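One structure is given here, and the rest of the page talks about it.
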């Protein structure tokens, strides 16, 4: 299978998923109290920002991983499809989370739901990486062995912080959203992956 | 007509159609019983997963067929447009199917509708392939004759399983959805088309 | 301005506009009479098919015109933007037209609206072509002078059939929709433009 | 990070954001008074046109800036992501603005909201340019120093007209929308940036 066409298809899916996020912020229902209604929607805006950064980072991650693949086999294509499926799904829990915080009812459930989807996404990433890298199955010869071991460690523990987010959701949904934002910031500036990228 | 621009346009349409599938899962209407409402929506999620894999597989299929075309004439462009029209339409029956299962009313009709759309899609695939391959009209010289005959057989009987799905829809809509899922899995791992792809 | 990036951007816009058409068919509101409701929506499906083919043909047209441009200047970019604006807008009158026919009320107004938007689109095409071709401003040296004159004639009279469609809308909205479908078929198999394309 | 893949991803996001604008015009709610309802929606159409031209111009701008970058580092990627976030968000205030003008209630708030989003967008542009150009950090060697200084001036004062638009929103929301339209026209034909582009 042609790597660059799979990348182009994936890029398109990422670009659309990130853009559809704007639809997750509910339009005002009452235009006589517009300022009040717009102000009320800040948690939806916050969820929009967090999910936007998350998808942006996953795009960089996808870009980096595929750069080190020398070929894509059928199983890898379907793992990539499963990965895209969890990313395309993200606007749904984002809307639910933002809306629940705006309405102030059952926001804990929404926070758990959002965090579970993120955890599943991290698990699919881990499986995808393990499939591609075990025995260097699909990796290019240039990719250093030390980087492979470090990446395997990072992808394998990747679901852990999201599992913690599930726990935080039970404590307080706002803390949970903030934690997702901090995680996104961490991944954006993460010194380990920066070193790997440069490698 | 330039093959790579038709491919790029088609890839864009596939990427958007697959991403719009997320809009087929209805947002919760009652945030006081969020966990219950999210749980109730599992058939919509199942329909989302099945249609996602279907569009993903059709993308691979499209990719493979176009790889073996040496040129695209006007008729082929319009057959491709008809094909894209049935794929772009898919989110509609997916939403109807999922929603009917969630609401538990008239789900048989929805299952028939979904299966009919899939059957039409398979028919358009068959016509497209027959047009491109009969007398090797648009095929590259390298494409082996034996593969052409086998592909023609496979594309021609392609609508058959979906016609069976129409029958199953009358028996039970859940069985019908499961059957579509199994068909998608079969096509994903199908040894015949794998051999053809390698050819 | 780089021609291939403007083309890629335009291709993306075409691909998304054509895919958004699926959202113009209203979801059923009553799942107890699903078969009846789906059957009732056939005018929305017909409008979807017509607009899908129209956007597909406009994509071919765009592709062909840009193939003969040797460069894109700032004015051409903004004319192209105006063209895309009328194409991106198309799902709106498509939804209004289909919905009005389904509801059976004020369908004449909807048919006029649809036809007016199509007429404006044809006018923007004419202006865009005239700007690009007058004095061979942006055309490649290889584009034959005879083809230029013929194309200028065709683009200039382009809005005429859509003006006729406006008239037909007052007679009968179904006739008007059928006329738009026939126009699309005509452009798909149009012998003159086929000759030009080959030229 | 590969510049052309970041550009392709950004192009996709621009193309989708500009196309989603069509969803900002509310469908008619009453098909017995269709002509009246369509006529009433002209402010939504006007807001659609203005935002369409704005995103089109920002695409040209993005295209031009990235043309002069010799590389993209991690910080630049995240600044670009922030930029895309404000552009993807644009359909939201566009819908609010158009809808508020149509409903004729609280349109001043909507105009302020639209103008504030545009101001933030201009600020992110300024920060992005300053990051890329200060000390010629990411610029190509060919980009003339005089152009860099002029561009820095233009990007830095860029938020100013939008801040004026915030003020105009308090005077009259229609004047504010017209001012945004004029600003877009100015940027489309702006002699300074034209000179820079040619440079």
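For reference, chains read A, B, C and D in written order, and residue numbers begin at 1 within each chain.
One rule holds for everything that comes next: a residue touches a chain if its C-beta (ideal position, glycine included) is under 8 Å from a C-beta of that chain, and two chains touch if they have at least 3 such contacts.
Worth saying up front: this structure is predicted, and the values here are computed from it rather than measured.
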(message) Looking only at residue numbers at the chain A/chain D interface, is the share used by both copies over half or under half? Answer same or different.
(response) different
(request) On C-alpha atoms only, rotate chain A onto chain B and read off the angle in steps of 5 degrees. (result) 90
(request) Provide the C-alpha centroid distance between chain B and chain C, rounded to the nearest whole angstrom. (result) 26
(message) Rounded to a whole Å, what is the gap between the Cα centroids of chain A and chain C?
(response) 37
(message) Which positions in chain C are in touch with at least two other chains?
(response) 8, 12, 15-16, 20, 23
(request) Answer with line, ring, star, complete or other to describe the graph linking chains that touch. (result) ring
(request) So, with touch as defined above, which chain pairs make the list? (result) A-B, A-D, B-C, C-D
(message) Touching residues of chain A toward chain B in the complex: what are they?
(response) 1-2, 5, 8-9, 12-13, 15-17, 20, 23, 74, 77-78, 81, 84-85, 88-89, 91-92, 95-96, 99-100, 103, 105-106, 109-110, 113
(request) Over in the complex, which chain B residues touch chain A? Could you list them? (result) 7-8, 11-12, 14-16, 18-23, 25, 27-28, 31-35, 38, 48-49, 52-53, 56, 59-60, 63, 67, 188-189, 194, 197
